[in-house]
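Below, chain A partners chain B and then partners chain C, in two separate complexes.
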Partner chain A sequence: MSAIDVDLAVNGFITGLFYALMAVGLSLIFGILKIVNFAHGEFYMVGAYAYTLVALALGVPVWVALPFAFLVGAALGWATERTLMRPLYAGYTSWGLMRDEYAVIVTFGLSLFLINLVDKVIGPYAYRGPPLVETSRVVLGPVLISGHRLLAAGIAIAVILATAALIKWSFWGQQIRAVSQNRLGASLAGIDTAKASAIVFMLSGGLAAFAGALLSPVINASPDVGIFPAVKSYIIVVLGGMGSVPGAIVASLLLGVIESFGAVYLSYQYRDAFGLILLMLFLLFRPQGLFGEKGREV
Partner chain B sequence: MANFSRRGALRAGLATAAALALTAGAQAADPIKVGVTITQSPPGSVVQGTQVKDGLDVAAKIINDAGGVDGRKIELVIEDTQGLPEKARAAVEKLITRDKVVAITGEHQSSAALAGIEVAHRYKIPYINTNGWSDVIREKGYPEVFNPGNYNSRVGSAAAATMKELGAKRVLSFAENTDYGIGLAKAIGEALKKIAPDIEYKYETLDRASKDFLPAILPLRANPPDAIINLMLPPAAYIMMNQVYEQGVAPSAKTWLYDGSGLADYPDFWQNVKEAGKGMLVFGLYHPKMAQPPLGKEVGDAYTAKTKNEPNRLLFQAADSLFLIADAIKRAKSTEPEAIIKALGETKYTGTRGEITFAKDKGFAFNQWLEVPYVTFQMTEVNQKVGDSALVSQPGQPIDKSKLWKPAK
Partner chain C sequence: MTQASPAPAAGAQLTTTKTTVEFRAALVAMAIVALIPLGVSNPYWLGVLIVSMYFAILAGGWNLLAGYTGQFSLAPATFAMIGAYTTGLLGTYYNVPPLLGIAAAIVVSGLVGLVLGRAVLRLVGPYLALTTLSFAEIMRLVASNSIDITRGDLGLGVAGLPIGRLAWYYLFLAVLVVLLILFYLLLRSKAGLFLQAIRDDEVAARRAGVDVVFWKTAAFTLSAAAFATAMPARVEPVIETMSTSGCEESAVPTTGPSP
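Let's look at the complex of A and B:
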C-alpha cells in the first residue's frame, strides 16, 4: 500500500465517521416513524452555528460549546416532534394510516424555514468555528492531518459507540427498538410510543447538531451548510438498510472510503456520483440494504 | 354656432393644456423604476448580493439627492434570484412585464445572468450586467446587454501574466462547477497558451456545495505545483483554502496561492481562513491605494458611513451600473428602452473606477468596458485589511518582485 493509499484510506475513514454521525439520527427516525426527515441537514446547520457563535461571541470554552450544541439540537428535535410531527401519528391505529405525505411537506417546509431564518437573523456570511486544538498539522507516518480533524474523529467514534450502546442496552433504547419493530404491538405492550418518538427526535437532532458543531472548524457554518451532508445521509440510510443503525454506520464508512479512493483513481468530478451509483446497484440487487430486512405488506 | 365653436375650442384647448400640465407634473413626480436581480438567499452568494445591493442603494441615494434624473427619482425594484438561473429568468420576466422597469441591473452570478439576458433580449430591455464574468454573456452579442464589470478573459490574461512573472512551471486551478468557474479556468488556460506556452496547466472542477476537497488535494502533497489558482467563491473557497493549507501545499515556500475570485475584500474572509490566507496573492479590482475618480471616493465614503465596512469591488461595480443607466436616460431624454440602449452604446462616462466606454468587437469584447482596472496585491499578515496589504502591481504595471513575501516552509 503506497503512502497516498494510506492517506486516502485514513481520510475516507474519517469522512465516513462524520457521515455516520449524521446518518445514525436519520436512520433512527426512519426506524421509528417510517418517515424521512428533510430538515435533518438543518439540525446540523443549527449545531454548527450554536457551537461557533457561543464560542466566538460569548467566549464560551469549546468543550462547553460542544455539548451545548448537542442540547440545542436535541431541543430543536423535541420541539419539532411535539409541534410538527405529532399530527402524523395522532389517532394512529395501523401503519396504513400514517400520513407520509404530511411528513414530507412539513419537514421540507421546516428545512426552508430554518435556512432562511438563519440567513435573515444571523446573516449570509460564513463563520468558521474555533478548533478544539490549535495544532494545524499532525504527522502520523505518511498521513498529514489537522489536529482538530484527528480529535474530532476520535470524538465521533466515541459518540457513535455510545449511541449504539444506548440503543442496544438502555431501557429507552429497548423501547425505541420495540416501537421501531411494531408500533402498534409496542403500544399494546404498554410502551409510550409518543414518548419514544420524542426521544428519537431529540437524539437525532442532538447528533446532527453535534456533528455540525464538531465539523464547524472544517466546514464553516453558513445557512446552507447542511444540505450536502443531508443528501449523503439519505443515500447512506438506504445503503445501510432503512432504519438500521449498524447498517448506517457501516454504509457511512464504506461510502467515505469509496469516495476517497474513487476521487483519486477514477475521477474527482464524479466523486459525489459514486454514492448514487452504489444506491442504484443496491436498489436493483439488494433493495433491503446492507443490514435491512426484506419486508412484505399485504 | 361659430361663436360657440370658438368658445368651445378655447375651453377644450385650455382643458387639454391643463390636463397635459397635470400629466407632465405627474410624470415628473413618477419615479423611474430600475429592476434589480440579486441573490438574497442561498444557495447563491448572498454576500455578493448584499454588497451589490449596498452599491445600488448608495448610487440611488446620490442620484436622488442631486434631484434625480430630469427631476424624476430612481426607484429600485429588487428581486431575489437565489443565484439560480430559473429564478433569475422568472425575476427578469416579472420585472419587465409586471413592474414595467426601464432597465435591469445588479446580477452578479454568471449562470443567473446568462438566464436573465435571454428574457431582456426577448423584450429588448436594457440589461447592465454588474458582475457576471463569463465571456459567454458577451459572446451572445445581444445589443441590450452592457458589461461595465470584469470578464473572464481579463482575469485569464492577468493570471497568466502573473504566473509568467512569478516563474511558475506547473500551475493548477481549483474551479467551482459553475459557468463562472469553468469559464475562468478555461480562459486562464487560453491566455497561458498565448503568453507562456511552456507552463504546464490544468484545472480541477470542485463542487461548490461540497465541504471536503481533500481527495483532490492529497495527491498534490507528493509533487506540489508552483502555483494554485483559486476560482471558487465563498464559503467553498474558504474550505478549499483551509484544506490546502492544512496539507502543507499552499501557500508554501514551493507553491504560491493566487486568488482570482476577489475573496480578500469579503467581510468574512479572515474569520474563515486565518493562517491559510497569509501569503495569498490577489487579483484585485479594488485597492484603497488605487487612483480613483472623485465619484469613487464619494461612493466609498457614503458606503463606509452607512455600513462601517471598508469599500469593496462589488460596491463600485454596482454603483457604476446604476450611474450608467441614469446617464443614458439623461442623454437619451427618454425612458424608452430603445433610446436608452442607443445612449448606452454611446457611453463615455467617468464612473467610480474610471472612464467607461463600450467596445463593439465581436466575442468577449462585445458591449464590454475593456479597460477595467486591476491590481495585484498580497496579504502578508493574518487579519490584514486590504488597505494594509502589499500592493505588488499597479494597474498596467508588472509585479514588483521585491515586495513579494513567501513562507519559509
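Let's look at the complex of A and C:
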C-alpha cells in the first residue's frame, strides 16, 4: 500500500464513522417498527441547523451547542414517534394491513414538510457551522487531516461505542432488543412497547442530529443537506442487514472506504453511485444483508 | 337457486357503475378544464394548471402501479425523466420530430420499466421503496453527470414542440384525457380485477389462477410508459423523490419542489 492508499483508507474510515451515526438509528427504527424512516435525513438537517444557529447567533460555545443539537434531534424524534408512528401499532386493524404504505407516505411527507419549512423559515442559504478546533491540518505519517475532522471522528467513535453499549447492556437496550425480536412476546412479558419505540426514535433522532452537527463545518447546513446522508444510511442498513446494529456499523465503515477508493480510482463524479449500485445488487440477490437474518413470507 | 341468475348481473352492475361514474365525473372535470382558457388568460394561472395536469398524469400512472397492484415505487418521476431525455436526445442529435420522439419515449420508458419491474418482482414494502429510490438517484446522477451528452443541469431543449402557454395547456389536456380513457378501459376489463386481486392478496390471487408475475410486470411497464407521457413538462434532470398520498383511487404523487 502506498502512502495515498493509507490516506484514502483512513479518510474513508472516518467518513464511515459519520455514516454509522446516521445508520445505527435508522437500523434501530427498522428493528422495532419494521419500517424505513424516510425523514431520517431531516433529523440530520435539523441537528446541523440547531448546532450552527445556536453557536453563531447566540454565541454559545461549541461544546454546549453539540449536545444541544442531540437534544433537539431527540425531541424531534420523540414528537415524530408520538404523533405519526402511533397508528403503526396503536391497534387500528385497517392500519395494520397498510403499514408499509402508511410508513412510506407519512415519513416522506414529513421529510418534504421539514425541508420546505426550514426553507421558508430560515431560508435557502447555507450556514457553515463553527469547527470544534481551529487547527486546519494535522499530519499523521502519510495521513493528512483537518483538526476538526480528527476530533469529530474521535467523538463519533465514543458516541457509537456508547450507543452500542447502551443497546447491549442497559435495561432500556434489552427492552428495545426484546421488542424488535418479538413485539407481542415482549408486551406479554410486561415491556412497554410504546415506550421502547419512543426511546428508539429519540435515540435515532438524536444521533442523526449529532452527526449533522459534527459535519456542519464540513458540509454546510442547508434545507436539503440531509438528503444524501439519508440515502447513504438507507444503503448501509440494507448492506448490514435491516435491523442489525453491528451490521450497520460494519457496513458504514465499508461504504466509507469503498467510496473513498472509488472516488480516486474509478470516478469522482459517480462516487455517490457506487453505494446505490451495491444497494440494488444486495436487495436483488442478498436482501438479508451481511448480518441480517433471512426473512420468510408466509 | 332462483337468485342464481340475477345475482352476478347485479354484482357486475355495481362495480361497473362505480368505475363508470368516476370516469364520467373525470370527463366532466376535463371538459371544464378545457373551457378554462376561455375565461382565464393569465399565463401564471395557466402555468399552475399545466403543472397540475403534469401531476395528474404522474398520479394516474402511479395509481395503476401502487393503487392497483400495491407496488410502492418511488421512481415515477425518473420514468418521466427517461422519457423526456429520449425525446430530447433524439431531437438534438438525430433531428427526430418531437411527436415521433414522444412515441419513442413511451417505448423506451416502458422497456426500462419492464426490466426494473421484472427485477424488483419479489421485493415488497420498504425494500421495494429503497430499490426504486436508489434507481431514481442513480438515474439522476447519470443524467446530471453525463454533461457531454445531456448538458447536465442545463437541460436540453426540444425543438419543434409548440410554443406558448395555451398550446402546452391543450397538449397536456389531450395527453391526460387519452390516458384517462386508456386507464378506464384497462381497469374496467378483467385486467383491472387481476391487478386488484394481486394488491389485496398476492398468494390468494396466484392460487386463483392470476398470472402474478405477468400482471405485476405489466403494471410496472404500463405505468412507466404512462409516466413518459408527462415528458414535455421539463427536460432537465429534476427528479426529486416522490411523495405520495392516498392509496386506491386518489393516489397523488407530487414532485418535491427543489428547495
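Here is the rule we go by: the second predicted complex is superposed on the first by the 286 of 298 C-alpha atoms of A that agree within 3 Å, B and C clash if a C-alpha of one lies under 4 Å from a C-alpha of the other, contacts with A are read in each partner's own complex, and residues count from 1 in each chain.
Here is the rule we use: a residue touches a chain if its C-beta (ideal position, glycine included) is under 8 Å from a C-beta of that chain, and two chains touch if they have at least 3 such contacts.
Only a predicted model underlies this, so the values are computations on that prediction, with no experimental measurement involved.
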item: Combined model on chain A where chain B meets chain C, clash or fit; value: clash
item: Partner chain(s) touched by A:Asp272 [first = chain B, second = chain C, both, neither]; value: both
item: Touched partner set for A:Pro124, first chain B, second chain C, both or neither; value: both
item: Which of chain B and chain C A:Val264 touches, first, second, both or neither; value: first
item: Partner chain in contact with A:Leu114 - chain B first, chain C second, else both or neither; value: neither
item: Touching partner for A:Tyr234 - first (chain B), second (chain C), both, neither; value: second
item: Which superposed partner A:Asp224 touches (first chain B, second chain C, both, neither); value: both
item: A:Leu8 touches, of chain B and chain C: first, second, both or neither?; value: first
item: Contacts of A:Leu26 with chain B and chain C, given as first, second, both or neither; value: neither
item: Clashing chain B stretch [against chain C; choices 56-64, 92-100 or 236-244]; value: 92-100
item: Touching both chain B and chain C, residues of chain A; value: 115-116, 119, 124, 222-224, 269, 272
item: Interface residues, chain C side, partner chain A - complex; value: 66, 70, 72, 74, 119-120, 123-127, 129-131, 133-135, 137-138, 141-142, 145, 241-245, 247, 256-259
item: Touching residues on chain A, where the partner in the complex is chain C; value: 30, 34-36, 38, 98-101, 103-105, 108-109, 111-112, 115-116, 118-119, 124, 222-224, 231, 234-235, 238, 242, 269-270, 272-273, 276-277, 279-280, 283-284, 287, 297
item: Interface residues, chain A side, partner chain B - complex; value: 3-4, 7-8, 11, 15, 115-116, 119, 124-128, 136-137, 144-146, 149, 215, 218-220, 222-225, 227-229, 259-260, 263-264, 268-269, 271-272
item: Complex interface listing, chain B residues touching chain A; value: 41-43, 46-47, 49-50, 204-207, 209-212, 214-216, 218-219, 221-222, 234-235, 238-239, 242, 245-248, 266-268, 271-275
